[in-house]
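The following pair of complexes shares a single chain, subunit A, combined with subunit B in the former and subunit C in the latter.
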Partner chain A sequence: MSSSAEPQAAPRAGRWLTASRRMHLFAYALVLPAIALILGLVAYPFLYAIYVAFTDRMVGSAGNWVGFANFRYLAGTAVFSSAIWNTVVLVVVTDILKLLIGLGLALLVNQHLPGRGLFRAFLMLPWAMPAFVAFLTWRVLYQPIGGGLNLILTQTGIYPHVIDWLGKRETAMPSVILASVWRGFPFWFISILAALQSIPKDLYEAARVDGANAWQRFWMVTFPGIRQVLIVTTLLSSIWTANAFEHVWLLTQGGPSDATMVFPVLAYFGMQTQRIGEAAAVSVAMLPVLAILVIIATSMLQKDED
Partner chain B sequence: MEQALRNPVRRPEARKAVLTDRQRFWIGRGLTYLCLVVAVIVIVFPIYWMVITSLKLPREIYRMPSLWPRVFTLENFRVLLVDKDFLRPILNSLIVSTAVTVISVLISSCAAYSMVRFRYRFKGLIGRIILFAYLTPTSLLFIPLSILMARMNLGNSLHGLILVYLTFSLPLSTWLLQGYFRGVPRELEEQGMIDGLSRFGALLRIVLPLSAPGIAAVSIFTFTGAWNELLLALVLVTSESQRTTPLALNYLITSDVLPWGPLMAGAVLSSVPLMILYFIAQHFMVQGLTAGSVKG
Partner chain C sequence: MTVEHGMRAWTRRHVMAAASVVALAIAAGGAPALAQDKPFAGTKLTFWGGLIFSEAANKLLVEAVEAWGEANGVETDVVMINQNEMVQKLSAAVESKTLPDAVDLSLELLLVLSRQGVFVPLDDVYEAVGKAQGGWYEAVDKASDTSAVASGRTGLPFGVTGNLLLRRTDLLGAAGFDKAPATWDELVAQSAAVTEAPVSGLGLALSNVGDGNVQVSVMQSFGGRIADDTGKTVTIKSDATRAYLTWLKNAWDKGVFPPGNATWDGAGDNQAYLSGQAAFIANTGSVGLAAKSQDPELYETTGYSPLPAGSVGTISPIMLQMRAIPAASKNQAAAKALLAHLSEPAFTSAYYASAIYGPVLQAEAKLPAFDGSDPIHAGLLDLVKNGSAPGYPDVYNAAFADAFSNFIIPKMAQRVVIDGWDFDKAMDEAQTQAQAIYDKY
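And then the complex of A and B:
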């Protein structure tokens, strides 16, 4: 680290800019713009959001420190409790479904199949579709008038009556979940498939020689091979699903009567009503859980890297 | 089995067992294809519906829904592009996404190179900050960012959007490029420096060309990230002339009349080029995705 350790630096110790120092300066200079922008655009706003959450800031007034008043107020509102409940349901159910579908399809495509490349390309399509386009399309699909889903269900006779999928309390959340799974499972599928392909084939042979059946081979060879990827994918997917805005905003805007309300949409509505302190408190309220997920994910990703 | 080996009479039975194995194989194959075909249908149907809705006349969309349009029309595209002036948001989105891509790839190439090639103090910390920034959701940042942009007089402008989009594109591209740069052998670079290149020259002439596929993948991810962003645009942009594509489509559905035809025409215009690109470059994009897990 220190320049005196460099042998060629000794003869010209009088010069301030030794080769090693120059290299360090160069290294710092390269990383500086990125770090400065990230500190200014992410770290500072992040801390600022926490500060604002403890003030009664409104549009046009800087606001005063009010301690936990915003959080106490929110905890007493019904919409806040339903946002907590809906976020938990949305994250847990979509994660489980994306895991099952992604894992199942990855196992199928991982076989030596003619045409597997084409299947893989099709299975990736929802991921290539911009999220806003995907959810706008699903919004049209769910329509009682002119929607494709109702058309199929009524014409095939599976269910003869037209359903207002997004307009009814009982069906709104399942509809949001279905669209989110459709858009989100390819990420799981691709990650799991890549992990499956990195498992050495001779491990399966060895297990077969030892007399393991298909189920035992899955638990003793496949599962340990993809466990790390499953954990990281679950963490990332939970963080993104809990904080996603587009799915609920474009499908239901949190309705009907808050049946699909989630934190980011609630925070956005809070901002529109100009009570910025409260809105910030909404988005900061989920920070403790988020922080735990982010810290675990960060340390796992950094371990991956080494 | 032993019986079968000793007694030739039992051999036909052994052959039968082989046959059932083969049958089992074909049944497995058949089920595999069945599942995959069902999955593909479920995936393609919404995309199909988007496309045909954009090609239907309004009366067909609302009054007589069908799987195949009776009359194909480009009327929805005309309404969108001419009446709703949709070229403006497309142009805005192109400007913002291109600028964000160029700026973040430039800055993050330097940062990623520095972190992969040099050893110095705080490197672990810097790596951690970048990962934290990558995982910090926009839903947490949109309120303070809108206050800060207003304070800097950058609210409601494409410049402001470009600046705030760096919050997600910069950590993402730095994180991904680190993975690609690690794959370039150090020896090649050292050879180049012996041949008279400076450090920076080695970065420009050796590392960047060798990681060109990675840089292309990162550019596509960054571009689509900016192209798709809705929440920050919704909060920052107030005037119609500064709207981006997702924002313009968002305002189509928050109006009272719901124009499904033009809406799906806009959806087609803003997604089909990207989807074709991903479809063609899938190998490439999968590598990028698994290199660092890209936000979906």
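And then the complex of A and C:
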């Protein structure tokens, strides 16, 4: 019986494993290592961090499930409210400034100017500089005594008094924003410049023939041409700024008081006191904001493609 | 011939017998005897040392561990870690189960991690070292006792630090002040007298770093407490704390604090003093050591004194540096031997001369470093003899250490001077945050 059943099964298997299916299986086998890597390096830590945020875990202890206790505790602290507000202000203001500076410079450098290659390279310097070096340099510039900015202001007579840029609530956040914009605008500049160079020149010629002025040419030809790049750049820049740690840490450590406290620095303070559950809760609390940003950007891109 | 032959035969037998005896001795008792000399031979040991401000002291520590390893046939790996980064490094090592065999750390971190069973008890080493060197100083003995949070003493003290008040005698002398300020009010008065750009008198940090926690001592010297005698109920909101905040606000309004002191990092006060921008700072003595080599003139004009007193007296707590052995270590016996070795005068005599630590053992007071010729070491010796216990008058438990690490008091100070909050609102926030921390223990 068995000897007669085996030959019958073989043709069935053969029929199931058609050439098309074999091709699909082969394709799945090829992407399997990548899926395993993503699961191991992205999905697992991501889901584990969410789990830890709901525990009272400390360094060296497994911790217990505490539900939303960490989030309730955070919501009750003034510093958490400050972190939300400061993160939003930092992201929105720096992105707007980086957009204006990046777009302006990209439009300028896109013209046929002498030495523009050198100028382009020069503009990339802040981006090429290690963040650590850049922000420590800014910290020195902001020093009340002997700092470059105060020296310029006092020596030129623009403002005779020393300004404690990083030590006063009123000036600390603008100082952090200025340093962050300086470091981050080249990314916007180079992205927009690349998009500008992909716009066919014929469109500008046609618009000119139709009598469009400079603003109309920008709004009707340039802007649609760089729209997708702007969306992606805004998304990436917002995520990077919201997640960035070094600019605030190296300049103010979140102070004075909580004037520049942002999510990553708050999470770091949690880690410093070994309370991993609370630190994870701070990071997880950022997720909805970032998720909304991603959803908006993706739907805008989808709309453009449609 | 016969005689010669007989002698040769006897000699050969004798040699053979002697060789057999030696072989037997080695086989039966000699080998263990050799093994007892080097019981850890062939093992590996990783030691994480705390990097301090003195390069000479760091070098001495590394060389001492390596020399001990060579003498005992142990392969040693010494990693020196910035003390400011020890919390992060150790936390990561605990989580990733990659702890070293022995480690230097602060008493606060030892207390918090000992609750989680991270370290093994060292009572036997503690007792043996104490007995060999005239006993531990009383303050050290009490402060380093971790039995309340672990199953014994989990750390071996090796250095006392604490804050001394450093002052510019040249500036203050010119302003008519020849004596160190005895009270916080005198400190503000002297600071105000010498404050003129670019010098600001009072170089105390108010930021979220370890130096900012000097404010805890200031508050306590006005009678303020973080918690009650049970060490469980937070008592920050009080008239005594209000008195401290009144002193702080008055000093702030007089403009005696250097600009930026609310965002200083761990080196902020050091830099302010070394660059001549502060007339007073509270420091462990590392700045004096740096001035000795970088700016001898500043070193000569620096005076050292205890922290000033508030309305209820002086609070000048000692802080302890500890050595511990993680429970995860596979070479605990060797690590214990190393820790005992590093407590011996042969090493500590040279180490204390270069480091900025006060002694922990009675016999160490007789070492050359503490003969009184150096004002920093003399101050540290005085601190271990007369300073307050860590946290005093508060109960020094894990909750206190946690609140300390969360910079509850410097943050309250910032709320008053930076944000302009009224005292009640600032105290309420500090009280709530601290109680949330204490409730976890």
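Methods note: the second predicted complex is superposed on the first by the 254 of 306 C-alpha atoms of A that agree within 3 Å, B and C clash if a C-alpha of one lies under 4 Å from a C-alpha of the other, contacts with A are read in each partner's own complex, and residues count from 1 in each chain.
Convention: a residue touches a chain if its C-beta (ideal position, glycine included) is under 8 Å from a C-beta of that chain, and two chains touch if they have at least 3 such contacts.
These numbers were taken from a predicted model, which means no experiment stands behind them.
Within the superposed three-chain model, A:271 lies in touch with subunit B and with subunit C [touch as defined at top].
In the superposition on chain A, A:280 makes contact with subunit B only, not with subunit C. Applying the stated contact rule after C-alpha superposition, one finds that A:145 touches each of subunit B and subunit C.
Once the two complexes are laid over each other on the shared chain, residue contacts for A:259 go to subunit C alone; subunit B is not touched. Once the two complexes are overlaid on the shared chain, A:290 sits against subunit B while remaining clear of subunit C. When the two complexes are superposed, the chain touching more residues of subunit A, out of subunit B and subunit C, is B. Legend: residue contacts after superposition of the two complexes on their common chain; A:204 is shown touching neither subunit B nor subunit C. In the superposition on chain A, contact of A:127 is made with subunit B only, not with subunit C. On subunit A, the surface patch touched by subunit B in one complex and by subunit C in the other comprises residues 143, 145-146, 271, 276.
Touching subunit A in their complex are the following residues of subunit C: 87-88, 90-91, 94-95, 112-113, 116-118, 197-198, 207-209, 258-263, 265, 275, 277, 402, 405-406, 411, 414-415, 418-419, 429, 432-433, 436, 440.
Taken together, the subunit B residues at the contact with subunit A in this complex read 29, 32-33, 35-36, 39-40, 42-47, 49-50, 53, 61-62, 65-67, 107-108, 110-111, 113-115, 117-121, 126-133, 135-148, 163-164, 166-167, 170-171, 174, 178-179, 199-200, 224, 227-228, 230-231, 234-235, 246, 249-250, 253, 260, 263-264, 267, 270-271, 274-275, 277-279, 282, 285-286, 289-290, 292-296.
By the touch criterion stated above, subunit A contacts subunit C in their complex at residues 56, 58-61, 73, 76-78, 143-146, 162, 164, 166-169, 172, 251-257, 259, 269, 271-274, 276. Residue ranges on subunit A touching subunit B, taken from their complex, read 1, 23-24, 26-28, 30-31, 33-35, 37-39, 41-46, 48-49, 52, 101, 104-105, 108-109, 111, 113, 119-134, 136-141, 143, 145-148, 150-151, 182-184, 186-187, 190-191, 194, 232-233, 236-237, 239-240, 242-246, 249-250, 263-264, 267-268, 271, 276, 279-280, 283-284, 287, 290, 294, 297-298, 301-302, 305.
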